[in-house]
Amino acid sequence: MKPAITPEQAADMIPNGAVVMIGGFMGVGSPHRIIDALARSGRKDLTIIGNDAGRPNYGIGRLVHEGVARKIVASHIGLNPELQKHMFEGSIEVELTPQGTLAERIRAAGFGLGGVLTKTALGTIAADGQKVIEIDGEEWLYAPPLRADFALLHADRADFNGNLVYQLTATNFNPVMATAAATVICEPREIVPVGVISPDHVNTPGVLVDYLTRREAPDDPR
Amino acid sequence: MKPAITPEQAADMIPNGAVVMIGGFMGVGSPHRIIDALARSGRKDLTIIGNDAGRPNYGIGRLVHEGVARKIVASHIGLNPELQKHMFEGSIEVELTPQGTLAERIRAAGFGLGGVLTKTALGTIAADGQKVIEIDGEEWLYAPPLRADFALLHADRADFNGNLVYQLTATNFNPVMATAAATVICEPREIVPVGVISPDHVNTPGVLVDYLTRREAPDDPR
Amino acid sequence: MTPVEIIQRRVARELRPGTLVNLGIGLPTGVAHYIDPTAGILFQSENGIVGMGSRPPEGMEDEELTDAGGVFTTAVPGAATVDSTFSFGLIRGGHVDATVLGGLEVDEDGHLANWVVPGKMAPGMGGAMDLVSGARRVIVAMQHTAKGRPKIVPKCTLPLTAVRRITLVVTDLAVIEPTDEGLVLRERAPAVDVAEIVAATSAKLIVADEVPEMAL
Amino acid sequence: MTPVEIIQRRVARELRPGTLVNLGIGLPTGVAHYIDPTAGILFQSENGIVGMGSRPPEGMEDEELTDAGGVFTTAVPGAATVDSTFSFGLIRGGHVDATVLGGLEVDEDGHLANWVVPGKMAPGMGGAMDLVSGARRVIVAMQHTAKGRPKIVPKCTLPLTAVRRITLVVTDLAVIEPTDEGLVLRERAPAVDVAEIVAATSAKLIVADEVPEMAL
């Protein structure tokens, strides 16, 4: 059984300067309640890893707006002009990485691999300063594993043991991030008893999950 | 809509000397009807890639027994003394590779990565002659992508478009092999109309699948 | 027919029956309106769906089903949901037959620049670099010029999206194919003559005696 | 209590509540009989299940639910099915808290040999190399000697399974922990004295004045 905590308790676990992965794609499939609690926490100097920076004051953009983030690692920030302004001013560091490489770097960390060998970005300025490895006369760009102190995830459904099920395009980075952080906290839309989810429908085994956020309104329906 | 073919038609596509991946784990989740057709085809000099060699005359062992295979790439052949005898005699070449590395090498081929960097087997005789890559002072064993001309898969269920669903431990190598062969042929236990399988329950999208084997007994139940 | 419609209609004819296609945000997205719905073409949205449909009816939107721009979408019957590692595995592994992307510049080497204007616009490459490196065919769909300035140039001045040569450029004026010999003018838009295309292109074009008009 | 039961009972006490554990084929499999069923320990079978149960009742076997030896098994409530890439991702990524494996030899460096006897037995390493490289803790469960010959030796004569130092060796005679200083004798089996253990071990053992008896 995993502990069921409040979004505020989740935010309280995360210290200043922590590296935090956040699931979602433009806020779709993001743990908005935990993000909100973290945005209101007064935390500083977080490194946030996610697909994108959401929109201004929405999704990961909420953490940018509240000054919680010192650095953003993402593949796309085009819909968040607030972050782009910070980036050009130098007040928030932004590391841009191709989306597929980002996903694979997180997987490498989570699954004990030494990194990623990809053609993506090879020969472009996005590969400047990065290691190129030649294998049988062919060049591959090396991208290192990417891990975090915390992963903050969304799921459609969890069981008491933390088995997670995602739905449609709210899946995105959530499953891979579940593998690559020291502490994994998931905000499911619903929590069901163990055994309700078929083993074949579990997307993330509960062994990867440390905490679930509790229902928003735990009143008994009677 | 994918063509529905017989196991014999599947076997007929495979030429002498082809490299063939076969899903399954000790025959569980293997396409036994296609294997049987291939075993009876008189084909020669196949390279078979699979987790194991099944048992004598069962699973991949059926192909060993019928003299179809020239080389086996697998992680474990301990339950097939017939193949071990061939290996010690030199009549069939056996390449043994750690199970996790085997899975990841196939994935690298299927997903356009340059290979695998792993600690597994590093420093052991199983790594003899293989490339070691040093990254930031740390050594990793490099394992190259592994692809095939054909992948022969089992699934619990397919739809007309080749979307596949696996069940329990019959999943194993089937999904990853679906990504890494020029031609992918699946033997599903049942075939259902498009739309019957929820998008969230599809394990292998039909875009990766070329052929389905037809039902064994296509008589109308009336 | 508007310039955008010309491009979208012409690109639609490049898509092969029964294949997986990724359409970029913006102009490329509209290509979906012009395909044969019986051709079995599936659209991938790299945020995690194989078999994306069109916009949902009002009131039927699902907050867990959006396209790569974060806009509500639908799934066709037979769609499959995948996570980001699988989605980009399909892209990198060559399982996407064609990607259609916008362009800022294309040059005589067939190189594409479409992700950054240093000092001005740095939205990030998103999935573009993976798509241009990994898709079997890369089709650039763009206006032939921007504010009167040619976008098909001798050498890209903007940072490249990939060092790989793209497959085809489709504009409102022409279809151009990068080859070993250089950029070959394959087709001209209806009522557009070759001289007009050459004038709107700063790159060297290889022009045959007869350049057919686009079928749309 | 048989020697095998001593080993299995003692190993069971090493497993931590709420963690994922992989038990090798054979003797290690039997460890599952001796764990506290309320401790929330989940067993992984590397062929693709997290939450493997015990043997199914007769007539209830499912041909699509077997263990890593190809033998019918069950799933506990809350189990999850995974494919081979995910299963070994869990192993390589350190998400398996403990693996329990048999051994042919363990040496003073804490190295394990358990997958091949050159020229005699070459079944393949299966998942053993991944497990010994990747699991957080590697527990070797084996008879102290084979046909009277010590299996805990100064230096492995058989090919190693990994160059990583294992965590603990549990035998029918003793519990031994490889450390920077060498092999430390931690516990002795009931009614077994230290001299007996030292005599059955060709490796050098570090022995404290007082060696407690195993709790079983």
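Just so it is clear, A, B, C and D label the chains in written order, and each chain counts residues from 1 on its own.
Following the convention adopted for this analysis, a residue touches a chain if its C-beta (ideal position, glycine included) is under 8 Å from a C-beta of that chain, and two chains touch if they have at least 3 such contacts.
Please read these numbers as outputs of a predicted model, since none were measured by experiment.
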| item | value |
| --- | --- |
| Reaching chain D from chain C through chains that touch each other, fewest steps | 2 |
| Other chains in touch with both chain A and chain C | B |
| Pair sharing more residue contacts (C-beta pairs) when B-D is set against B-C | B-D |
| Chain B and chain D, separation of their C-alpha mean positions in angstrom | 29 |
| For chain A paired with chain D, centre-to-centre distance based on mean C-alpha positions, whole Å | 35 |
| Rounded Å distance, chain A centre to chain B centre (Cα mean) | 33 |
| Junction residues of chain D - those touching two or more other chains | 49, 75, 81-82, 88-89, 91-92, 134 |
| Multi-chain contact residues (two or more partners), chain B | 104, 107, 112-113, 118-119, 166-168, 199-200 |
| Chain-level touch network, classified as line, ring, star, complete or other | other |
| Interchain contacts, given as pairs of chains that touch | A-B, A-C, A-D, B-C, B-D |
| Chain B-touching residues of chain D, taken from the complex the two chains share | 45-49, 62-70, 73, 75, 81-85, 87-89, 91-92, 116, 122-130, 133-134, 159-164 |
| Interface residues, chain A side, partner chain D - complex | 1, 107, 109-113, 159-161, 163, 179, 194-195, 199-200, 202, 204-208 |
| Residue ranges of chain A in contact with chain B within the complex | 104, 108, 112-119, 131, 133, 135, 138, 140, 142, 144, 165-168, 199-201 |
| In the complex with chain D, residue positions of chain B that touch it | 25-29, 51-52, 74-79, 84, 87-88, 94, 96, 98-104, 107, 118-126, 156, 166-176, 203 |
| Chain B partner contacts - residues on chain C that touch it in the complex | 19-20, 40, 42, 49-51, 75, 77-82, 88-95, 134 |
